[in-house]
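Here's a structure for you.
Should a chain be cited, it is by its letter among A, B, C, D, E and F, assigned in written order, with residues numbered from 1 in that chain.
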Amino acid sequence: MHELVKEFNDYRGKMNEKIFAQNNKVINRLFNLDTNTYADGALSVKTKEMLGLVASMVLRCDDCIKYHLGTCKGLGVTTEEMFEIFSVANIVGGTIVIPHLRRAVEYWEAL
Amino acid sequence: MHELVKEFNDYRGKMNEKIFAQNNKVINRLFNLDTNTYADGALSVKTKEMLGLVASMVLRCDDCIKYHLGTCKGLGVTTEEMFEIFSVANIVGGTIVIPHLRRAVEYWEAL
Amino acid sequence: MHELVKEFNDYRGKMNEKIFAQNNKVINRLFNLDTNTYADGALSVKTKEMLGLVASMVLRCDDCIKYHLGTCKGLGVTTEEMFEIFSVANIVGGTIVIPHLRRAVEYWEAL
Amino acid sequence: MHELVKEFNDYRGKMNEKIFAQNNKVINRLFNLDTNTYADGALSVKTKEMLGLVASMVLRCDDCIKYHLGTCKGLGVTTEEMFEIFSVANIVGGTIVIPHLRRAVEYWEAL
Amino acid sequence: MHELVKEFNDYRGKMNEKIFAQNNKVINRLFNLDTNTYADGALSVKTKEMLGLVASMVLRCDDCIKYHLGTCKGLGVTTEEMFEIFSVANIVGGTIVIPHLRRAVEYWEAL
Amino acid sequence: MHELVKEFNDYRGKMNEKIFAQNNKVINRLFNLDTNTYADGALSVKTKEMLGLVASMVLRCDDCIKYHLGTCKGLGVTTEEMFEIFSVANIVGGTIVIPHLRRAVEYWEAL
């Protein structure tokens, strides 16, 4: 596993554990609900992960982008498809999204 | 056509014409590029319109939401699918998105 | 009840019912979780509602602001306290928040 | 004076008075500081008002846009210049800004 | 003092000095006004700092979050209270806030 | 060239090349359009770059800020003018912009 990916996964895993351990009911249920959101339903898991990715991109959250890039990769999204998701995000969100696009492309390559 | 939809389409059409008429090259090309973004490609038009919708929703732009609701309706997105798009937007974007969800549901019904 | 308040409550109530009726599990659980978030705990309901208000204000969501203004009023927040919440929101969020402050003051008066 | 402009100015004036009357020191000083920000300095008033406009536009605040459109009009900004400001805002902020562009063009015409 | 905290404080102090030294009246008065915002008034300093924290969190500014975490720690906010502030921020702002929650928890531990 | 500047330029250049190489028509045309946006027209290049900077600052994108700081420097914007741009951004966008101001001042010094 590429260092960029490992570093992201490790920090995310370590901090999530610390958060769960606090037993704040609202936060723990939100994490749980987050997982359910991307489950197979009327829309496929792949479509939902792409929706999550484009939402993360226009809101310009690098860590959220990385997470959904990882799941999209695992679901077989191709690079050509990925760049079409990127194009929607950059047109809707504007050139302010471009620095996040750069980091997304770097992470996508690392995956 | 429902009044809500007609009013939205009429204002949008009228103002777009005024904007084009100014011949600002950057703006006119951006409008053109916007159209191309949602064209059939590696991803289907339907998927891209759903991506455009979720992006509009987390960025909380009622008019952009209405536009994509209209195109999604035309492409046969079902109400059940639509609510799964809404669920992604509301989980990623938080309860701050809920007032936009209310107006989206009203407009979806009007369509 | 002032017309501004009644209109807000009526629309909110009517649309929430339509949303619940769709039985989208993620959305319905998010609404439920939203209610739990402001329950009495280590922090009082009053403090949590003030937190919800300031968050709504810097994110510039008029409907969310109205909702929390209503609950704050019911919990006995004074006008002087309210303006101190407003001052935090306007300093953190900048003058871009001022138009929302104007509408908040109008709604606060209506309550 | 066009009705759109009068309505905006009247509401703004009326609510600003109510806000000042509360004597919240932080808010009143912020309003005062806001005025000073656009005073002539190393940059001209016209340049600063254009900066205020583009900032309001990418942050998508219709009332702030209207305010700066009014001052820009008074300072002799031409329609061609205005559309170049709009083009920067729409490229940086993305198509999510377009609905605000439509309303800005309508208000600019009204001025 | 933990390295994370020291690094944050040092950079903040050093850059603030450089900013003040430029003698831009608007910026220096804004910094001054910022300090006054959190002074004891109708609301306690502790409440105001919690308001500042939740506002910083939904606006997703890590440095602002760190600053208010530091002041909240100094004012005796408990970990249980802190997680209730976090829960409001994450429900209002959505899962896009979670990466900031992770870094906030890390910094809170460091304090 | 200062290390901060070199690092920014190198990463930007390297990733832009990778992005262009994918031949996504929408993204490549957006990059091209972005360049045209800041061309001399009814407004000077200098004014447009200042507009781009203030937009980047209120949207709180450090990389976009760095890019426009670089072009502004090349166009002869003085430090006093720069701080007036900063003052507009910080008043409109609020104290949430201050951490970006700190990094902007550091980068401006490096240029």
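Worth a mention:
The definition used in the following text is that contacts are C-beta pairs under 8 Å (C-beta built on N, C-alpha and C of every residue); 3 or more make two chains touch, one makes a residue touch a chain.
Values in this document were obtained by computation on a predicted structure and should not be read as measured data.
Graph distance from chain B to chain E, where chains that touch are one step apart, equals 1.
Contacts with chain E and chain F are shared by A, B, C, D.
When the contact pairs of B-E are matched by residue number against C-D, E-F or A-D, over half are shared only with A-D.
Put simply, the chain farthest from chain F by mean CA position is C. If you lay the C-alpha trace of chain D over that of chain F, the rotation comes to 180 degrees, to the nearest 5.
Contact count check for B-F and B-C (C-beta pairs in contact): higher for B-C. Look at where the CA atoms of chain C average out and do the same for chain F: the two points lie 36 Å apart.
With centres defined as mean CA coordinates, chain F is found 26 Å away from chain A. Within chain C, the positions touching two or more other chains are listed as 26, 30, 33-34, 37, 55-56, 58-59, 64, 80, 83-84, 87, 90-93, 95-96. The touch graph of the protein chains shown is complete. Of all residues in chain A, those touching chain B in their complex are 33-34, 37-38, 41-43, 47-48, 50-52, 54-59, 64, 78, 80-81, 83-85, 87-89, 91-93. Residues 60, 79, 83-84, 86-87, 90-91, 95-96, 98-99, 101-103, 105-106, 109 of chain E touch chain A in their complex. Interface residues of chain B facing chain D in the complex, by the touch rule stated above, are 11-12, 15-16, 18-19, 22, 24, 26-27, 30-31, 34, 55-56, 59, 61-64.
Every residue of chain C that touches chain A in the complex is listed here, in rising order: 25-26, 29-30, 33, 36-37. Within the complex, the chain A residues that touch chain D are 58, 90-97.
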